[in-house]
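Scrolling down, you'll hit the structures one after another.
Consider the two complexes below, in which chain A is the common component and chain B and chain C are the respective partners.
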Partner chain A sequence: MQLLHLVFRNLFRHKLRTVLTVLGIAIAILSFGMIRTVIAMWYSGIEASSPNRLITRNAISLIFPLPIAYRNAITAVPGVTDLSYAQWFGGIYIDEKHSQFPQIAVDGSTWFKVAPENQISDAELTAFMRERNAAIVGVQLARRFGWKVGDTVRMRSMIYSGDWDFVIRGIYTGAKKTTDETLFFFHWEYLDQKLRQLEPWRAGHVGWYVVKIADPDRAAAISQAIDARFKNSLAETRTETEESFIQGFISMSDAILIALRIVSIVIIGVILAVLSNTMAMTARERLSEYAVLKTLGFRTRHLILLIAGESVLIALAGGLIGIGLIGPTVSGFDAVMTSTIGAMFPIVGVSIATRSVSLLMALGVGLAAAIFPAWRAATLRIVNGLRRIG
Partner chain B sequence: MTPIPFSYSLRNIWTRRLTTALTAGGIAMVIFVFTAVLMLAYGLEKTLVATGSDDNAIVIRKGSQSEMMSLIDRNAANVIRNQPEVATGSDGKPLAAAEAVVLISMAKQGNSQPAHVQARGIEPESLTMRPQVKLTAGRLFRPGTSEIIVGASAARRFEGLGLGQTVRFAMRDWTVVGRFEAGGSGFESEIWLDSEQLLQAFRRPVFSSVTVRLADRSAFDPLEDRLEGDPRFNLEVKREKVFYADQSAMMAGFIRVLGIFVTVIFSVGAMIGAMITMYAAVANRTMEIGTLRALGFPRRSILIAFLIESLLLSAIGGSAGLVMASLLQNMTVSTTNFTTFSEIAFRFALSPVIALESITFALMMGFLGGFLPAFRAARQNIVNSLRAV
Partner chain C sequence: MWGHRRTCFFPRRTGPHKQLTATQAPGSQRARRARGGGSIWLCQWRGRRKPLDPSEQGEREGEAPSGSASGGGDASPHKIVSEPLIEINEVSKSYRRDRLEIPVLRDISLTVPNGEYLALMGPSGSGKTTLLNLIAGIDQPDRGKIRVAGNEIGQMDESALALWRSRHVGFIFQLYNLIPVLTAFENVELPLLLTSLTRKQRREHAELALRVVGLTDRRDHYPRQLSGGQEQRVAIARAIVTDPTILVADEPTGDLDKASAFEILDLLERLNTDFAKTIVMVTHDPRAAERARVVRQLDKGTLI
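And then the complex of A and B:
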């Protein structure tokens, strides 16, 4: 107890130095937590995926579509309970900068059955089904552009020619925190009918099928059964669970994720350097004091506790302040991203895991920074310490 | 004004080696990350800028950001080929190539997840217009066959692209007969094959883009006006260099914004480290400062001496960080470019501008971190500081 008192007294001996060190650590922990949050946002899609869903797409690559005729064959595969399909639209709203939100042409009658996490009222769904160019948008997307039900949205597309008009007939909300609320759904029928007139050879195709299965344990067997059905056809399929489908997207940015992880380690190195420096300076200044304490009967472990306690307290104080700042900073970063290159992440939030890891890192740095000064104090010979000046 | 000798600052830095190393080490790590981020973004830009040429123009469908999304039918392709601004080759035919670009999902070396590689159907003129493309092994594919040549980067990163190996897509087995380099440009990440074969295999009636050699560079504007104004088609004409450079904009922008945002934040941590060190240096030398003042050195000299010490500290750190980052130059990175959705390989690239920016950034950290402590040193009262123990 008395030792703790001494630790506190020591902390306030060089107020400016302590405050600066705490601040430095707070800022470094803040950037560490920010990077962890950005990495977590990348993986947010996986958390949102359902084990009951498989995705069937063209085996060559995502840009190749599948014939709509596959619908019946896939439904006939044992174990499949529901089926829907979708096509990427690649829309440009206002201009390239504003159009960073996904537009997906879906089969209206089945989509919200296989993707129930997109919650929509029955009335809005009925209104959506009645109109050919109706659209349902995520609540966050609607907020971003100030859209209301009944608004008309005109878009061009990077993939299809012409102007496309949509009328918003519904706004969905996510069932879970991880549900993406920035999507724009419209009728695949609308897309297909327009293609029949403009580019007939591209009509009658879908981008991917979403297959709902009753038993997630049979996912592998059902995937194989579907793919075997279309083997050696012009459009061979590749079926996988929704999770591994999303994982495939994430692995595309492997290099960036690795770079971010390296940077987060470097940051820990920076705080370690700052805190080690403070502790080393402190220990150097107090060597004669340690000798006095030893003479008074303090044991080596007391000195170690004294130094480690000070170091850990500084690190934890910095860590806690930094963690508190992660939330606001991430929102700021998201705003900068949205205004410079368009929205990047559907879900912005700081997880408990990120906070805990950041705190653990601060604790670790606090302990590591105490090692050298503690060792010096422990091995100090009283005579040498007392003989020393300044 | 009598300046305090430079060696005073230098020696002080040397005396406190551990503290110097720790403080400079913190700054070095910040500069390392800062430089690496800029090098990464610049490397990507450099690769894509090198892909295009000022002498060529590319025609795509209006609104398509990448060739993969663009569609150009044969009729439009022929009209484009026969524009008066298009240069003529030695055989009297127009120097223009209708190309078809598709994405193929392939297994990466040592990675379970497949990635997309861009396959480009080319015409003989494609090679004439891109002199940087050179076969380094094997031979060119024979027109009309299922043979392909692969870019050096693609061959390294994907499985089954060695000479003599076959790849299966679109119900055909394609034999790799050659490997090419393209001056470090984006083409090295592609697979090239006969344009007509690609269209047949994929049962696809349309090309993706038409690239033409301009008769001279000023011919671009009239060509752009005529083709984009043609009501029969819906075309967009871009200088080839601009087109490929644009493809790096989003990715390079993302790397820069994310990287600089994070670095600037945690650079404050290192700056505070420098500040702590300098405050301690001032506190430990109170008597020394008093002596210097008594010897007749003015306040300003003291301020400058301490600022120099801090700047030296950051210069050491900054240089160390820059040297560490420059070692990355031989490293190749590959990532999916989200504008084209395909894998592209590029190197960390250092430029004099980046080096200058990094050192400036380091010195700025030293200046900001050292100013307040130096100011405190300069303000000290002679009598009081001489009395200090």
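And then the complex of A and C:
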């Protein structure tokens, strides 16, 4: 028998209490992990951003377009190696519930050069380039709707009038785990030509330019140079790194994210209180045993080991169960969200960082909850513990 | 765990434990005492450990056979063969209740020779348990000196006292105080976790201790599965498993029926007579006290 053996025996002294405490911690760690995962998924676009890409958009707002004519001027800026452009489509597929995926009109000839993380075969790219209303979709998006190459997808747009038919000619995969595989790309030319027929005053414009640069360290200088070119024009530009561009989107949800972070901290506080209560009750019940152990020669460090060991084991058991449940729960959450209001997050998954932080939190809670009972046991006078004064 | 090993836990010579049985006849105890060292069923430390304080050196060499508890400070400043095991000199102790200071012991002096079986009697509140706690090193005196097994325990800090207790004192409580989640065997083994004994050695010693108290067949029973008398016997096995210098017993029969109480008293008597264990027992029960060789009365914190 070792002391650890006694720790395990103590653990199951009150089975129901231990099980309920473990369950409480598991639920709390699950909630904590889920919130952390949702926040991480929110920020996943930033992780996927490339340091050698700049985004040039209208200085007033993203909803104001830029003339296609800026293309050559931007390309001419020293340090720019490639350029592509894109336009938000705002499509509705079947109904609004099913339309929570981005549809982007891109310059097919350059887009996959500036965004090589969207990997597509040469054959599919060639097929895409040959057809005016061809589309390339992400593998997750194709899986979600059961699309395959050759399928025709009809959409309406919240921005542009008319029905739009697209033929899927390729399915791309992400080069990295963080690559968004839920995008729907089609030719900007198709959009522009149709606009020339239906709404000619809106033709000849793009939503934003994607500028590839050779040296990320010169991003600021190149951005300034681009913006300087269009100073005092009808459509002044604002150029920033892709990371800042995405960050700008996320900052719109900052209040929600901060609230979520606070909730996650509160959850940790709650489980700390729950476990502390359990351990305090445990210590109170066992004061006479601690006194006996001290009488037998066990020292403070042994008692701390007994108490902290039990507390940490309970916390770790709950933590591991909770962490194990984060993945399935997040997947279930995503499935429910997708089926009700549409796909919320391009990348769904629990990161190692989230699991590690959750485990550390459980461990920290276990140790913190043991502080008071351990102190109480350490400062216990044997005669008081034995409650015998002759 | 400690910086030493109990190398002689089992004596190399033909030790008494080899003949030990739960029903061993007490006949050989005088001869064993006469051999010196108050020969004990499990061998003593024999001075191979690092002493807690320099004065501890030679404590075993100084072990003497018989003697009676005596009042007064008759301890010699020199190490002599008949050095007392417990020397208490003008010890006082009081407790504080809110703002009130309640004196419990007043200028107590007591000497207990090695191998003695002393019963402390007195009415409730007379201070007998407090005196026992002081002897056992689980409480500290306000004034006076307590020297047990060659150590000035009144001067020790908490950690040193814990170490000292684990080496020198075996405790027997009125309410047994076994750990409920451990079996009888594991409860007996518990104090041995503080030693550097191997698992096999611990098992051997715990089994031997259980054999001494006649509970080998109950080794895997939990305290709740034992009778009160059996629980107390397990507690005694736990107290003797480390082969302590003294056994202290606080009302060991106070929670037992008559038959069980007799069994426990028989066992304690045998530990004293057969194995020369020094025992200090607190009791209210005159029948228990009469088993002791010396009875001292406490009244209002004073030995009478």
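The rule is simple: the second predicted complex is superposed on the first by the 386 of 390 C-alpha atoms of A that agree within 3 Å, B and C clash if a C-alpha of one lies under 4 Å from a C-alpha of the other, contacts with A are read in each partner's own complex, and residues count from 1 in each chain.
Just so we're on the same page, a contact is a pair of C-beta atoms (placed from the backbone, for glycine too) under 8 Å apart; a residue touches a chain by one contact, two chains touch by 3 or more.
Nothing here was measured: the structure is a model prediction, and the numbers come from that model.
Partners chain B and chain C, once the complexes are superposed on chain A, both fit on it without clashing. Rounded in steps of 10, the angle chain B-chain A-chain C defined by Cα centres in the superposition reads 100°. Contact comparison for chain A: of chain B and chain C, B touches the greater number of residues. Looking at the shared chain after the overlay, A:Leu83 reaches neither chain B nor chain C. When both complexes are overlaid on chain A, the residue A:Val137 reaches neither chain B nor chain C. By the touch criterion stated above, A:Ile226 is placed in contact with neither chain B nor chain C. With both structures placed on the common chain, the touch criterion links A:Thr21 to chain B but leaves chain C unconnected. Of the two partner chains placed by superposition, only chain C is touched by A:Leu6; chain B is not. In the superposition on chain A, A:Leu380 makes contact with neither chain B nor chain C. After overlaying the two complexes on the shared chain, residue contacts for A:Leu296 are found with chain C alone; chain B is out of touch. Touch criterion met: A:Val336 reaches chain B, while chain C stays clear of it.
The superposed arrangement places chain B and chain C with a least CA-CA distance of 12 Å. The interface of chain A with chain B overlaps its interface with chain C at residues 390. For chain C in complex with chain A, the touching residues are 95, 104, 124-133, 136, 138-139, 158-159, 162-163, 165-167, 171, 173-174, 177, 179-182, 186, 189-191, 193-194, 202, 238, 250, 282. Across the complex, chain C is touched by residues 1-3, 5-6, 9-10, 12-13, 288-289, 292-300, 381-383, 386, 388-390 of chain A. Within the complex, the chain B residues that touch chain A are 18-19, 22-23, 25-26, 29-30, 32-33, 36, 40, 61-66, 68-69, 71, 102-105, 111, 113-116, 169-171, 202-203, 205, 234, 250, 253-255, 257-259, 261-262, 265-266, 268-270, 272-273, 275-277, 279-280, 284, 333-336, 338, 341, 343. Per the touch definition, chain A reaches chain B in the complex via residues 16-17, 20-21, 23-25, 27-28, 30-32, 34-35, 38, 59-64, 90, 92, 96, 156-159, 161, 199, 201, 232, 234, 238, 247-248, 251-256, 259-260, 263, 266-267, 269-271, 273-274, 276-278, 280-281, 329, 333, 336-337, 340-342, 344, 390.
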